[in-house]
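Here come two complexes built around chain A, the first alongside chain B, the second alongside chain C.
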Partner chain A sequence: MVLLTFRLKVKNAETGATVEMELDGDNTVDEVIESAATFWNKDMGAYVLRKGKKVLRGGSTLGDTGVMAEDVLELIPDPEGG
Partner chain B sequence: MPRPKIVRETRRRPVERAPPPRDSLAPHEWLSDESRAEYEKVLASGHPFELYVSRHAEATMRSHAQAEAPRRLEVMGFMLGDVCSWRGRAYATVRDVVTTDLDSTQSKVRFDRDALPKLFGGLDGTGFDYIIVGWYHSHPGHTCFMSRTDLETQRTMFDQPYHAALVIDPLNEDFKAFKLSGAGYEEVPFALTDALAPAGPARKKTRRLRAQSFSPRPP
Partner chain C sequence: MPGAIDQDPFDRSRRIGWLDLGSVFKSRVLMVGAGALGNEVGKCLALSGFRRVTVVDMDRVVGSNLNRCLFFTREDARAGSDKAEVVARGIEGLSPEARARAVVGRLEDLPDRFYEGFDVVLGCLDNIPARVHANSHAYHAGVPYIDGAMEGFLGKVTVCLPPDGACVQCGMNRTHSKVADMRFSCTGEGVVFHEPRLAAEITTTSVVSAVMVRECLKVVSGRTDMALRNTFYYDGQRNVAEEVEVPLDPRCPNHPPRVLQVSENNITSGSVQ
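On to the complex of A and B.
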């Protein structure tokens, strides 16, 4: 199988910072969240990833979710109050 | 399969901008005497407040909390704005807030998992390049403080120096802002201002939301 490498951006909604990632279509959403969260010293379990209004689900591959090169995804905190 | 590789980071620097003018500022009507004294102290110092909240954002948060107060349900949302700097001092502005349907009880609140698309639509509808500068939630009848859960959320997600947590008690009419401080937290003085407005689309969206769900009451 030929895996095509592409780039996309992930924005940190809490800081406005953006990382550019190199990945392929078989990478999962969880891997994207983990990479970004680790880079920003965050707990990946506390975040969700969105593309527009769509929540990108953890185990899905980027190919399955329709993410494409040059997309800008956003890492959104998932807070709990008590 | 190789892991995603981060090849570059672009950081957003604080905008160098004068804070909202003094004649646009006011303390929140629900401040305690102690909080009001801290507000006056910052005002007299001539230095910027650490946090400025637009009248529009305040009214939306308060109305949201009041709408669920009769059932004593907590509410929650994000505060959207910008991080600025003026003469070496950083401050945050809250222009607007967004929320969605909640999974809420009298002592816990989260965004409903199925309602995240609605939250994301709200973010896209703000009409400006926001930063989530903090979050708000309510403690109906429990006074304003940071619970263990709140503190964990703050540490995990809102750990930048400008990140604030606004806590509203709509039954006791209490309204406080907090930030992390060492291993705990501290109350921070904030100012309401008329000088910050949401972008056009957000104003329309918020009006519609309030008309459907809230019963806003002027402070």
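On to the complex of A and C.
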């Protein structure tokens, strides 16, 4: 199976900053979330990644999600308290 | 001069065409969690006309709750009053027709079929494991679950409509699992603290709670066509509020594969147990 390498941008919803990532189609959404959170030294917490108005499933590969090169995904904190 | 209509506490609610006040009055509402969200949700439920409310929480009031909890007082903090009891009495204080029942205890200790006795469940919880528990029990009981969450000026409300809608767990990923594993509680005499303590204040609590109860009004009025699809994100610091979709995850344990059951004369859908 040939896996394409492509670039996409992840935006930090809290600051508006973006980071460009080079990824394979078999990278998972979980991996993108953790890489971006680590890059921005995010606090320990839950985060989700969304494309437009849809939240992407953590275990899905980027290939499965239909993410395309040059797409901008957004990392948003998922609040836990109550 | 005020007339008869001005003496009716629900006159202005009756002017909302789609609102089914008869259903609101008789709906059985389960509120899990009686902390900050629980206080504000309790307030909105009482003033909206909900009269049959059950409140579950194991915790007791402490002083650090008082910046965001309408019904808690310094005396409650000093006495270590049970949160569920205080919120239930608060609801009854705002609505003379309301009968609010307090259950002081852990969600995990509720009887297996407890959720089946309700028309809607409101999640006012402060940690991921409790949220997963309430979400799955409501979903399996076929009861709509409306979950609220917040941290600082961030808020979120998710509406789960079984049997076909996505649930709260569908939107969770590996970061949620890690947080659930790492958070631990310092348990004192009936008081649970989650580590680290999370930022919390009243204005975001109010926004999240108001959206939760508004969605609850839609559900009990039979207007799920107007309900959130399915998550509301709120960032009070950036003044952003928007609706986002969490798609149903077929690998989520709350959605067993559905198969077609074919009989001679009809076709119905069912779940693989």
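The criterion applied here is as follows: the second predicted complex is superposed on the first by the 78 of 82 C-alpha atoms of A that agree within 3 Å, B and C clash if a C-alpha of one lies under 4 Å from a C-alpha of the other, contacts with A are read in each partner's own complex, and residues count from 1 in each chain.
Everything that follows uses one rule, which is that contacts are C-beta pairs under 8 Å (C-beta built on N, C-alpha and C of every residue); 3 or more make two chains touch, one makes a residue touch a chain.
Computed from a predicted structure; not experimentally measured.
Asker: Per the contact definition in the header, classify A:24: touching chain B only (first), chain C only (second), both, or neither.
Answerer: first
Asker: Touching A:55 in the superposition: chain B (first), chain C (second), both, neither?
Answerer: both
Asker: Which partner chains sit in contact with A:32 here, chain B, chain C, both or neither? Use first/second/both/neither.
Answerer: First partner only.
Asker: So, does A:7 touch the first partner chain B, the second partner chain C, both, or neither?
Answerer: first
Asker: Quick check for you: in the superposed arrangement, does A:77 touch first (chain B), second (chain C), both or neither?
Answerer: The answer is both, since A:77 touches chain B and chain C.
Asker: One more residue to check, A:46. First (chain B), second (chain C), both or neither?
Answerer: both
Asker: Could you let me know whether more residues of chain A are touched by chain B or by chain C?
Answerer: Per-residue touch count on chain A favours B.
Asker: Quick check on the output: what are the common chain A residues between the chain B footprint and the chain C footprint?
Answerer: Dual-contact residues (chain A): 13-14, 46-48, 50, 53-55, 76-82.
Asker: Using the touch definition from the top, list the residues of chain A that touch chain C in their complex.
Answerer: 13-14, 29-30, 33-34, 37, 44-48, 50, 53-55, 57-59, 76-82
Asker: Using the touch definition up top, name the residues of chain A that touch chain B in the complex.
Answerer: Those residues of chain A that touch chain B are 3, 7, 13-24, 26-27, 31-32, 35-36, 39, 42-43, 46-48, 50, 52-55, 74, 76-82.
Asker: Within their complex, state which residues of chain C touch chain A.
Answerer: Residues 33, 35-38, 123-128, 131, 148-152, 154-156, 170-176, 178-179, 182, 198-200, 231, 233, 235, 238, 242-247, 249, 251.
Asker: Considering only the defined contacts, which chain B positions touch chain A in the complex?
Answerer: 1-12, 74, 76, 78, 83, 107-111, 116-121, 123-124, 129-132, 135, 137, 147-150, 152-153, 156-158, 160, 163
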